[in-house]
Structures are given as C-alpha cells and as structure tokens.
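Here subunit A shows up in two complexes: once beside subunit B, once beside subunit C.
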Partner chain A sequence: MNRVFALTLLGALALLVGPAAAAAPPEGMVLVRGGTHRPLYRSATEPEVVTVASFYLDAHAVTNRQYLAFVRANPEWRRSRVRPLFADDGYLRHWTGDLTFDPALADAPVVYVSWFAARAYADWAGKRLPTTAEWEYAAAASETRADGRTEPGFTRRLLGWYSRPRPAVLPSVRSTYRNVWGAWDMHGLVWEWVEDFNAALVTADSRSSRAADARLFCSGASLGAADFEDYAAFLRYAYRGGLEARYTTPNLGFRLAADAR
Partner chain B sequence: MNRALALLALALTLAACDAGPDVPAYDFDAPLPEASLYQVEAAWTSDAGTPAALADFRGTPVVLTMGYTSCGYACPMLVQDMKKIASSLPEGTPARFVLVSMDPERDTPEALRAFRAAHDLGDDWTLLTGSAADVRTLAALLGVRYRPEAGGAIAHSNVITVLDRDGVVAAQQEGLGADPGTAAAALQQALGR
Partner chain C sequence: MARQRLFALVATFALVAALAVGLVACQAGRTATGDAAGVPASDELYLPEIRGEEVAVVTTAPEVPPAITRDYATRVVVNMETVEVVKELADGVEYTFWTFGGTVPGPFVRVREGDLVEFHLSNHPTSTVPHNIDLHAVTGTGGGAAVSMVVPGHSTAFEFRAIKPGLYVYHCATAPVGLHVANGMYGLILVEPKEGLPEVDKEFYVMQSEFYTAGVMGELGLQPFDLDKAVDEEPEYVVFNGRVGALTGEGAIKASVGERVRLFVGNGGPNLSSSFHVIGEIFDRVYGEGGTVANQANVQTTVVPPGGSAIVEFTLDVPGTYTLVDHALFRAFNKGAVGLLEVTGDENPAIFAGQANPLAAH
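This part shows the complex of A and B:
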C-alpha cells in the first residue's frame, strides 16, 4: 500500500517537475515554448495555422567574437580561403583580416556571412539553423506576449526599426529589446538566415508576374497571404525570396536553434 | 615487367576515355575547379539501392533536376524536358541524366525504381535520394526553391541544370517547356564540340 502510494506520489512529482527540468536550455539559449503559428503565405489547401514544437533558440545573434572561434577552428572558412561556391566575395568584408576585426565589433552580430557559412557554423557548434516557422514564431513575441501582434503598437514599432537606416557601426547584441522568450534583438539589429530560406517562392525575376510564377513553380494551389497588415513579415518574406545561399550582405547574420529535449 | 605495366596503364586509360572518337580525353587526376559541385560532400542513395555521390559522374556531362516522384504535374514535365534535351543531342553523345528527390521521406529506392519504370528511363538515367540536409544544400547550390505543403505536395521551382565534366554549372533552364537548345549546346560545349 505504502509502495503504491509512494509510486503514485513519485509519478505526480515527475509530472510536476518533469517538464520544467527538461526545459532548462543549454547555455546561451532560451526555450521557446511551442504553439501555433500563422504563416504569412499559404496555399489554399493548407491549414491556417501550423504547430511549432518547443525548441531552443540562441538568446542573441552569433557575434564576431563567436564567429572568430569558428574560423580559427575551421581554416577553410577564413576570408582568404573560403570557396566561391559557398560565399560571394563580400564574405567577412567588415573584418580587417582573416582573424582580425575592429574590437568595437567583437559583440556585434557577425554579418557578411552566407547561408553555407551559417550552416557550417551550426554543424561545428552542434546546433542547427531555425526553420522559417520557428524563427517567425519566436520573432512574433513582444516583450510581454508570445504573440506581439495582439499588442497595440508592436507591429508599428517593428516597421519603424525596419525603416531606420543602418548605423555606420553595427551595435552589439542585446542592444534593442528582449522578448518574452528571453531572445534579444529579433527585430531591429540584423536580418537572420533560416534553414529553409529558399522556401520563399518568389524570385526577383518572377515577382511581378503571376504567369511566370505558375510556370516556374510547381504548386498545388496559388499562394495567399494571411495578414495584409503585417508589412514587416512581407518585407522578410520578400527579402528571403531574393536571397541566394552564397550571398553575403552588411545586415544579414544568424542565430542558432536546437531541438528541445 | 615495367613495360607490361605501362601498356596496361595505357589500355586502362584508353578504356576510361572510350566516350566516342571526338570526345577529348578527361584528366581524372587534375584538381577539380573551385566551383565544382563535386567538391561538396553528400551521401546519396541510388534507385538501385546503392550509395552514390555526384562525383561518380565526373568526366561525363550531367543534366540534373530536382523533383519528387509523387508529384502529379511538374515533375513528369521536367522529365519530359530532360528527354527533349537528350533527343536533341547527336546519337552516342555521352551524358548522364539525374533526378534528385527533394522528398527523402517518401522517395525510397523502391519508389524511385517505380518512377523509373513508369517513365521508361534508360540506363543513362540515375535517380537519387538522400538526407533532408543534403537535399537542402544541393537545392541551395542550384538555386532551387521548394516548400513542403500540407497534404504532401511540395511547391518547387522547376530548374534543369547542365554540369560540365568537372561538375561545374554550365547552364540552367528555368520553367517548364523551355527550348532544349541552350542546355544541349552547353552540354556539347562541355564535350569540346
């Protein structure tokens, strides 16, 4: 009897403590609790919301200092050695040499990195790039709500950040705002690579022509937007649609994700 | 003895280069150009169920596309477009035709074999499947965009790529029903014609 009671108690405790214990994220990462995400574009046959499972996300974008450690350990990713297949000639342009950069940039997000470079960094770090759905889900959070779009003024604030000119010297990470998940600078500092950036089915050539899209893309049904108010999301979607995996730009960096255990 | 070895080596070299009288020999020992896709490591499985690498095609130009076998419309059209390229080449032109699946979960070697039979693909065709990460990498290298949708369809851009004998992209045609002329010309050029 006592044993049964003890087992029951243990089970109840496990239920109470279990999820919380499992939720402790690795150092430098935050837990983004799963939920539903309403993708900006979907075809007529797709459900309006997709489920995003809980995952870990870096609390801030990968910095120049962090990226330097990767480059030291992986000489093939040095500026002078990177293969043109994997990065255009802007790769790490803001660095002063293979292993040097302005010390003021040490904690600023690393930029001028290609998708291939971001992915190689992720492999090295034992993590992965977030998917578009994960990134968008995490980035929808304001300081106080998981869905910041329900908070008056949040969407407008985002747009304000998007339209601000890029500062001459990129600020350090943790310089804008921290959202409810604990993730810093999801908007307002740099754009970020996602694993499936090439799932955005628009191209610079086809943007203006629906007929061209129909010829170029095999798709069961036409795409429709879910929220015409969310201009910032449109901007991100169009931006990803214009990217190629080897592109590097002065305002495109990345942060990593991992499956929640 | 040395002479016998030299002769044997010569015979092997000649055999390796037996791709038609007007095809220049290919130096398999030369380093690959930096832009070669054959430098990218990825573990594919062929429809025969055996491990395969894109670099296995080194020395022969390749016509390559990405699709998936349960695709109802565009992928059969892509295969037709590749057959059009094949039929616009002179008889005996050495070329490989490769379909890489972007649907690794469903496109098992068995599914690929069924697709091969259904579309009557010849010995010069290879169908490959691999990991989701390797598929994403190859798509990124080729500029192919794709997005799995609910219900199992995969929206994707229709791109056919010609690789030269080194595995460097020589030409790409986008969209269905394109004129096979450009791809065929790029392939001929890759053979020094």
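This part shows the complex of A and C:
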C-alpha cells in the first residue's frame, strides 16, 4: 500500500514538474506559444495563414555588452579584422575600438551588424535567428494580447513610432514596452535581422523575376497584401527588401531564437 | 461616237486621278499634322549622341535652375539624398518630414530632351526607413523605383534617357507609398524640349500638397501622421511648398510690371487635385498637365492632378499682390493653400483703377 502510494505520489510530482521543466525557457529567453499568423506578403500558391510552432525568443535584442563577449571570444569578428565579404564598412561603426564603446551604450541594442555577423553570434550562442514568420508572429503581440491587431489603436501606435525621427542616443533595451510573451521592444527601438530576410522577394509563382520586386514598389506594394492598413508591417517588409546580407545600418540589430522542445 | 468615247475616257481618267490625288493628300495630311487636335504624335525615340558630362544644378523651391543653353545632349549627373527631418509645418506645428534634399518639395531638376541622366540616390544614416525614387520622366520599371531602393546609410545609382520632354513629378515609391508621399517625398523634374521653352523673365517652382496630422489644423507641437485621415482623404493642411506660409511674407515670390512670368506648378498630393488660380491674373498660356503643347490660352483656373503638373505663363500688367490659391476655397482659407506674388512697378490705370476697399478679400 505504501509503495503504491509512494509511486502514485512520485508519478503525480513527475506530471507536475515534468511539463514545467520542459517549458522553462533558457536564460534570457521567453516562450512564444505557437499559433497562426497571416503573412503580409505571400504568393498565390502560399497559404494565407501559416502555423508558427512554439519557440523561444530572446527577451530583448542583443546588446553591445553581449556582443562584446562574442568578439572577445571570436577575434575574427572584431572590427579591425572582419572580412569585407561578411560586413560592409559600417560594421560596429558606433564602437570606439575593437573592444570598446561608450559605456552609456552597454545595454543598448548592438547595431551596425550584418546578417552574417548576427548568424555567427547565434552559432556561438548555440541558438539561431528567428524566421520572418516567427518574428512577425511574436511582434504582433501587444502588452495583453497575442494578436495586437485586434486591439484598437495598436497598429496606429506602432506607426507612430515608425514615423518618429531616430533618437540621437539609442536607448537601452527594456525601455519601450513588454509584450504578452515577455519580449521587450519588438517595436520602438531597432529593426531586427531575421533568418530569411529576403524571403519577401522570393515567390513561388513568378513568371517574371520582376514579379516579386514589384510587390514592394508603388501600387505593387498593395497587391496581395494581407492588411492595407498595417503600414508598420509594410515598412518592415520594405526595409528587409532593401537589405543585403553584408549590410550594416545604424538602426538594425538582432535577437535570437531557439526551437522549443 | 468616237468623241463621246473620248469624253468618257477622259472623264474616267480625271475621276480616277482626282481620287488618287485625294487619297494621297489625305494620307499625307494625317502624317504631317498628327490628329485633328494638332498634337504632334511621335513614337520615334530621340536618342542623340551624348557629348560630355555635367553635374546638374538643382534648386530649392521656389527657385528654378536657369534655362538650358546647350544645343546638344549630355550626361547629367544628379545627386540626391533622402533625409528625415523635423521642421515646422505651420507656426508652432512640427512634423517629421521625409524629404529629398531636406526640403519639401525636393529639389527642382532641369535637363534637356535626349540627355542621359546618371542619378545617384543616397539615404542619410539617420533615416529610419529605406527610400527610393520614381521620376515620372523615366521610361523604365517603376520610374527608377525598382532599381533605387536604399536603406539608411547606403547609396545607389541608375541611368535613364530623358526621351520625353515635359514637366514631371518625382516621388518616393517605397512601400507603403502613401506614407512616404504624405510625409513630403516629392518634387519636379523638367525635361526641356530640345528647342527649349519660349523665353520669359521669371520662372518659379510651386508645388501643392496635403498633410494629415493627428491633431487638428493649428494644434501645436510635433504632430504624427494620421492614417485614417489620409485614407479618408481629409487633410488638416493643404499647402504650397511644404508649409503654411511658405510663399508669404519673406517667402513671397516677386516680379515687376511688364515681366512675363512662368510658374512650374506641381502637385505632390497624395490625394487632392488642385484648382490652381492666381487671383487678379489670367494665364495667357497653359501647358495642361505639364505637357509640351501650350494647349490653352486665357485660362482662369487650371486643374493640376496629384502626381501631375501644369505650366502657366502670364505677363504682369498691373502692380500689386497676386494670390496663388487652390480655388477649392476652404483649402485656401482654412488649410493653408495660399501663396503671394508681389509685383512692383508703375500703376496702369488704363487696365485697372479703383478705390481699394480694406474689407475686400485680396
């Protein structure tokens, strides 16, 4: 009787603790519970709604302090040594040296990093970059809802940020807002690299190579778009469409993702 | 009997000859004059040899670069930078303008029919978003937009031949286009016809546009863009040259009695057509829609569509203040679509005389 009781108790405990342990995100990350997402752009053969599986996402963008640890451990990614193939001449322009920057920027998102650099950091950290679908899905959330587009005024608020001029000094992470998943500053701080940033230009249904480009220009930008009024999303897709993997810009950083078990 | 047959033969011959001549003349008439309206129809590409290279002189509204004097086609290098700036839209009202060259409207570019334009576009590092350019003077994908998108801190270049003369709008065409244009990204490029435009004494650059602010007209402080108002086409501001009062006070344009004035009028929109009128004057000639034919004379008010232009010319006969307006009047008097042309010189009582009434609108 005691053994049965003990086993049952153990079983119950395992049931309680097990899932909780499995769901605990790695340090510095949050769990974004899977769901469905309507991409802003898709070709005629792609589905209107895609399923995004649960994944872990960094709670905030990678900071200058964090990036410093990376370049200490990986000298080939220091500013004076980085290969031009992997980053343009703006790489880490805001730093004062290979391993130094203004202390006020320690907790600000690292910017002036290329896609290659972001991926190298991800490899080193044992993680990866989020896909566009994952990033957009996580970024759709407001403070209280997974889909902020159902919240009155949310898309307008985002557009308000995208319309403001850049601040002279980039603020630290965790300075704007925290969404329902626990991720900070998905909007309002910096643009962020994604793994498949040029996917908007790839179409499964193109008879002409220009068909995809046309989406991002003039009237083409409104054809096939899911939501004509999600201007902030147009801005993000347009931004990604203008990038090349080695580009660095003053307001483009990144955060990492990882598969959820 | 033979004579009758002879008559018949001659008559038939004459008839056939007349028909033949008539047909030929008809055909010749068609190709020589184009269609009935007298508009020259030309599908032929004008691609003269390119000689030399020069850097384009560009100006800020209301100034216009001088008329082109060369009689050959050249490579013209145009440099433009997109930059986002906070400036006044009205006294005490600020707005985050997205601009070409830091101004609204952007610079005026002047080239000659047949020129090869080498266009360099850069995006200032402080910009938040990518930009590009669609020049309506370009024959080619997106008007250049497809090959000119630049993210902040980067630059690009493309080339086009100015094969069609006329006065053309240019604007940013990055998604979402409505927002880029609503924030101020437009200007004019003139492609002079190869024979040049008739000589005038003064030329000015005027561009109308609207602004959609969250606050009502006159509400102070930095105003964000309001998407709902833009979609509903209900602007708070309708202005010339990028702000309320740009063409008033010290910004008023000036001329003298006796001078022939040409206005290059553009409309950046994004939504409204302009009913362009100069109070107290009549346009002697109008190049409707910015084309190369002065297709109307003696016009009071001409329509300038958004994304379009018009060229108007008039000679000043009487001194005084002439008011440029969008004759959709509530835009002029309540939203800012007012500019001033100040004309000095001798009175001309043969043309106009009377006692000024201080209460009359002027």
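As a working rule, the second predicted complex is superposed on the first by the 218 of 261 C-alpha atoms of A that agree within 3 Å, B and C clash if a C-alpha of one lies under 4 Å from a C-alpha of the other, contacts with A are read in each partner's own complex, and residues count from 1 in each chain.
Operating definition for what follows: a residue touches a chain if its C-beta (ideal position, glycine included) is under 8 Å from a C-beta of that chain, and two chains touch if they have at least 3 such contacts.
Just so we're clear, the structure is a prediction, and the values are computed from it rather than from any experiment.
Peer 1: Should A:Trp115 be classified as contacting the first partner (subunit B), the second (subunit C), both, or neither?
Peer 2: In the superposed model, A:Trp115 contacts subunit B only, not subunit C.
Peer 1: Could you say whether A:Ala260 touches subunit B, subunit C, both of them, or neither, answering first, second, both or neither?
Peer 2: neither
Peer 1: If we overlay the two complexes on their shared chain A, which of subunit B and subunit C does A:Arg83 touch? Say first, second, both or neither.
Peer 2: First partner only.
Peer 1: Which holds for A:Val180: it touches subunit B only (first), subunit C only (second), both, or neither?
Peer 2: neither
Peer 1: What is the contact status of A:Ala199 with respect to subunit B (first) and subunit C (second): first, second, both, or neither?
Peer 2: Only subunit B is touched by A:Ala199; subunit C is not.
Peer 1: Tell me which touches more residues of subunit A here: subunit C or subunit B.
Peer 2: Greater contact footprint in residues on subunit A: C.
Peer 1: In the superposed arrangement, which partner chain does A:Phe234 touch: subunit B (first), subunit C (second), both, or neither?
Peer 2: second
Peer 1: Is A:Arg164 touching anything from subunit B or subunit C once the two structures are fitted on A? First, second, both or neither.
Peer 2: second
Peer 1: Just checking: does A:Pro250 make contact with subunit B only, subunit C only, both, or neither of them? Give me first, second, both or neither.
Peer 2: second
Peer 1: I'd like to check the shared interface: which positions of subunit A are touched by both subunit B and subunit C across the two complexes?
Peer 2: In subunit A, residues 215-219, 241 are touched by subunit B and also by subunit C.
Peer 1: Quick one: in the complex, what on subunit A touches subunit B?
Peer 2: 42-43, 45-47, 83-85, 115-116, 119, 195-196, 198-201, 203, 212, 215-220, 241, 244-245
Peer 1: Tell me, which parts of subunit C touch subunit A in their complex?
Peer 2: Touch list, subunit C to subunit A: 84-86, 96, 125-130, 132, 134, 141-142, 145-146, 149-154, 173-177, 179, 183, 224-225, 227, 231.
Peer 1: Over in the complex, which subunit B residues touch subunit A? Could you list them?
Peer 2: Subunit B reaches subunit A through residues 34-37, 39-40, 67, 71, 73-75, 136-137, 139-141, 143-147, 149-151, 153-158, 174-177.
Peer 1: Could you please specify the touching residues of subunit A with respect to subunit C in the complex?
Peer 2: 90, 156, 159-160, 162-166, 210, 213-219, 221-222, 229, 231, 234-235, 237-239, 241-243, 247-252
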